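Each in structure tokens, the structures are laid out below.
Two complexes, one shared chain (chain A), two partners (chain B, chain C).
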Partner chain A sequence: MKILRVLQEVDRRYLYAALLLAVMLPFLMDVKIPVPISAQTNKMYTAIEELPPNSFVLFGVDWSAGTRGENGAQTEVLMRHLMRHKVRFALLAFDPQSKELCQRIAQRLQTEYGYKEGVNWVNWGYRVSSNLEMYLKALAQDIPTAVGTDIHEVPVRTLPVMAGIQSAKDIALILDVTPSSTFQAYIQFVAQPYKIPMGIAPTAVMAPEAFTYLDSGQIVGMLAGLQGAIEYEQKLGVVGKATRASVSLSFAHLLIIGFIVLGNLAMLLERRQKSRLHEGDAQ
Partner chain B sequence: MLNQLFQPAHGTALAGYILGAIVFSLIVFAALMAVPPRFRRNIILMATFVGGLFYALEFFWPVHAMPTPEDPTRVGNFLSPYVVPFGDITTVIFAWTVGLGVINLCQVHGKRVIKGASGAFNSMAFFLSMIVMLVVYILQQAHPNAINKNMKVLLFDGGLQSLDATMFSIIAFYIVSAAYRAFRVRSVEATLLLCTAVIVMLGQIAIGQMLTQRIPADPHNFVHNFRIEIIRDWIMTKANAPATRAVAFGLGIGGLAVALRIWLGLERGSYFESQG
Partner chain C sequence: MNEPGAFSVWLTQHTPSLMLWIGAICTLGLYSVLYKENKLYRLFEHIFLGLATGYMIAITWTDVLLPKWWTPLADKGQWWLIFAMIVGLTYYFIYSRRYNWIARLMIGFFLGVASGRYFQAFVNDTWPQIPASFKPVIPHGAVAAAAGSPAIKALTLPDAINNIIFMLILLCVMSYFFFSFDLKSPVLKGTAKLGRWMLMFSFGAIFGSTIMARLALLIDRVDYLLNDFGPELGGPTAGPRVMFAVLIALILLVLFLVSRSRKSEGDASVTEV
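== the complex of A and B ==
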């Protein structure tokens, strides 16, 4: 009886310690588990593969260090694909941290794929998120004027990467890596009015909300959380941050499921014992 | 003409623009504060209405060809050329609201520090971090030498990013504790929720997907539907998506109603009514 009560009320410090170990230990192992590629990840891959060479992608990056575990891996794997496929892209941040975080990812990857900042890609920098809708509306109409300068204060109009890019109709694809609902503004003010295909990479907690847009065809593909990035890395045949974190993610989820099952089993067994005792007393 | 006002500026011109903008804004604020509250409300109402009207008209007014030397295929109406300047104006207004937030924070924390009330130490930490970050960022922009750059890296990477990541990571520990205590099969609904959660969680991880990997992956085979990731996808697209869409429709209609009320000045409690 006592053990059943203990199993229902495990001290939270033991839970915290177990989670810490479940997340940390897999990083010391070199285990790769193949995963089936989901339909939404496949669609995202196809959308980028179908882009004509040298076309222009608007790459929204609206995350901060808090969600780097998921959004950082998603940004990196999508950027790899864009660079591998030789298309131009522009980073646009509605979070002050992502401007710098994504600049570093792009700078790190550009040597690997022979890319050059200003020629093959550009970082438009940070814009205030509370003005998201109005800014995107202006951006869609006149990109060089609305953007002004890149993060190095160079007028984007003068950059080779911006050649032929005047308004939203010159954008071939929109991507948005986000832990919030910024992608909805992209859909409303840029993607749908100008009939531009759009793919998103939300955090796992935001993904359920985004499935409805996938269903309606307003987005062409999605990387759902870290698992989406794991699938995409597998699709590209690279071992990146997401694949390395895959086992940690699995262990953490299994731990939660294990504790939930344990707590419920103990509760049900205790109930059964109590009802038996009551029956015995009644007799 | 409006576009010319928002061209990027550098050096002395930038400083001149910033100073000019501050002086102009202070004059506007002073003039607004000098007006009696009743008229002030009307001015704000009018500005809100004109702002809303601009975007509504620009959206609904028929478009025609409006070629420019840079973009010969451009289409729009007589309001379209003003969309970019309006976007810039709203950016400036929102930048001011950030300033308002900073002033508010300084007032709240300043009072606490002066009075020595509980939490004064935290308030001092706020002032210290805000001032240091501000000074280092300005220094790094004005004189990008090695010391200033390293100071910025230290504060941004070593401080802000690490704190942000830590704060968010801590949530995982609370989720484990909360899920363990809250997910109990006390009713039919709770059991249903628990089973759904477990299936989605297992379907979301590599080890969970391994459990059903022996089931044929051929979509034409009926047994294929019992793979954990297929059940997860069914839950997400057939059960979750319609419910989310219904909520989104409700929110959209509610949002439209609220937007109309604000635009037409019908919303109670706004526009300085408490001062009127």
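== the complex of A and C ==
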């Protein structure tokens, strides 16, 4: 039948149009889809909740504009939790763009939670990623010397947020939002040697491989891609970028599954028709 | 004192608006590749690459080399930092036939450093995963901490089943990687085959996650166009709907162009026949 052939040879641009429509429509509709919260997201939430007030978190942010869709939402939701829980944190970027992108997020959120740069949080700025392991080793031994100044060129030793922070032993938790393997360097050179709990927020591409670290206890929690950020917003009870995107993500997934089923069904039916025709010819 | 020019005043006032327009135009320009490869897409691709590279070079100087190397060297008298530059420059001897041994010396030194570092990385990365793979498979109650031994959590039946599944998959996948000898035993052949299937499942999961990741990036851009740029185009309330209508019009235009090009391709093939 012609329809079976058409279904297998649909121009990819029609599919793109349908996908774009599926992503756009939920932004204008008031649809809510319940999101079950995964074990790894719950663990991350508990790890932050259990931090003593005013403890210090090293917040690695190693993403660029290219993965803002996932890592931006993850950074925002984790930062919200840190601010809500009243713990101090320091941003450290091994990507040049991340320093600026995360500074903007922190500045936007700080007014909401009564936080102040230099007092409750600090941006240590960008460090070269090709030297990441060596830098982390130096940082773990003497934080003020390794960091030097923050992004405003203020010596970090003089900042109230850094009071009592000398080495890795003073860090209560490490977080890393990343689209690459930077989190492994944190595990290898800071978290494991100094027995510091660590949570990660990788992109969805990285997440399946990162589960090994979760299972072995090398990380205490994980936000897997945008889905992780959506779950975390639910957990915090806030409606942010991730929650807005959740219905679009579900619609897009349903559409892709539908396309896959339709395409395969058409292929199987056509194959069956052809084999019947061959059998008829043979007889 | 010089008064700021009319253009600079206008620019200051309109910077947020300009940023939104540039962002929207770049997004649409880059997505135009979905219709077909075109010059507009190439232009924005090169702008993006150039910006990212230029920004990285500039920030490496302002955030790393200037405060960590140049200022201490030039202003604080830490003259020994000059050796960092000398060591760095020795890499360029690789281009000299006569003196490339100097570059090899430095490369050898840093290879040694990297190897030592990798050993520590391996120990802290992979070793903890080995004992974590030995999971209990028989359900038991909780055991209180005693002198010298920590408390043991209870293992419920569902957890034990999970652990059994984990152990089975682990052993099957490992048996798939026995390359040193020929797998003649039917048991080993079966487990290796099952291991291969399990690997396929995990690759499928990774591929599924990749699709989710790419969709997240698309959703972010759509969110930007509708909710950040939309209000700029049609006001704070109606803006997203106006932008939605614009995007629908663009989609319809693209679909019209696609159907026309397919029709003309069809006509051309009929004429050839």
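Throughout what follows, the second predicted complex is superposed on the first by the 283 of 283 C-alpha atoms of A that agree within 3 Å, B and C clash if a C-alpha of one lies under 4 Å from a C-alpha of the other, contacts with A are read in each partner's own complex, and residues count from 1 in each chain.
Quick note on the criterion: contacts are C-beta pairs under 8 Å (C-beta built on N, C-alpha and C of every residue); 3 or more make two chains touch, one makes a residue touch a chain.
As the structure is a prediction and not an experimental result, all values here were calculated from the model.
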item	value
Simultaneous placement of chain C and chain B on chain A, clash or fit	clash
Contacts of A:T149 with chain B and chain C, given as first, second, both or neither	both
Chain B versus chain C as contact partner of A:Y14, first or second or both or neither	second
Contacts of A:K241 with chain B and chain C, given as first, second, both or neither	second
Which superposed partner A:G72 touches (first chain B, second chain C, both, neither)	second
Partner chain in contact with A:S64 - chain B first, chain C second, else both or neither	both
First, second, both or neither for A:L277, with chain B first and chain C second	neither
First, second, both or neither for A:I187, with chain B first and chain C second	second
Partner chain in contact with A:F27 - chain B first, chain C second, else both or neither	second
Which of chain B and chain C A:Y126 touches, first, second, both or neither	second
Superposition clash, chain B versus chain C, among 37-45, 109-117 or 217-225	37-45
Intersection of chain A interface sets (partners chain B, chain C)	16, 19, 23, 64, 66-69, 97, 127-128, 134, 148-149, 153, 204, 207-209, 212, 215, 224-225, 227, 249, 252-253, 256
Residue numbers on chain A that touch chain C, as the complex places them	11, 13-14, 16-17, 19-21, 23-24, 27-28, 64, 66-70, 72-73, 96-97, 99, 125-128, 133-134, 148-149, 151, 153, 184-185, 187-189, 192-193, 203-205, 207-209, 212-213, 215-218, 224-227, 241, 244-245, 248-249, 252-253, 256
Parts of chain B lying in touch with chain A, wherever the complex brings them together	3, 6-8, 10, 55, 70-71, 73-74, 76, 80, 83-84, 86-88, 90-91, 94-95, 97-98, 156, 160-162, 164-165, 167-169, 172-173, 175-177, 179-181, 183-185, 194, 198, 201-202, 204-210, 213, 217, 227, 229, 233, 236-237, 240-242, 244-245, 248
Contact set on chain A toward chain B in their complex	10, 12, 15-16, 18-19, 23, 33-36, 38-39, 64-69, 97, 100-101, 127-128, 130-131, 134-135, 137-139, 141-142, 144-146, 148-149, 153, 155, 166-167, 169, 204, 207-209, 211-212, 214-215, 224-225, 227, 230, 246-247, 249-257, 259-261, 263-264, 267-268
For the chain C and chain A complex, residues of the former touching the latter	34-35, 52, 55-56, 59-60, 63-64, 67-68, 117, 120-121, 124-125, 128-129, 132-133, 202, 205-206, 209-213, 215-223, 226-227, 240-241, 244, 247-248, 251, 254-255, 258, 262
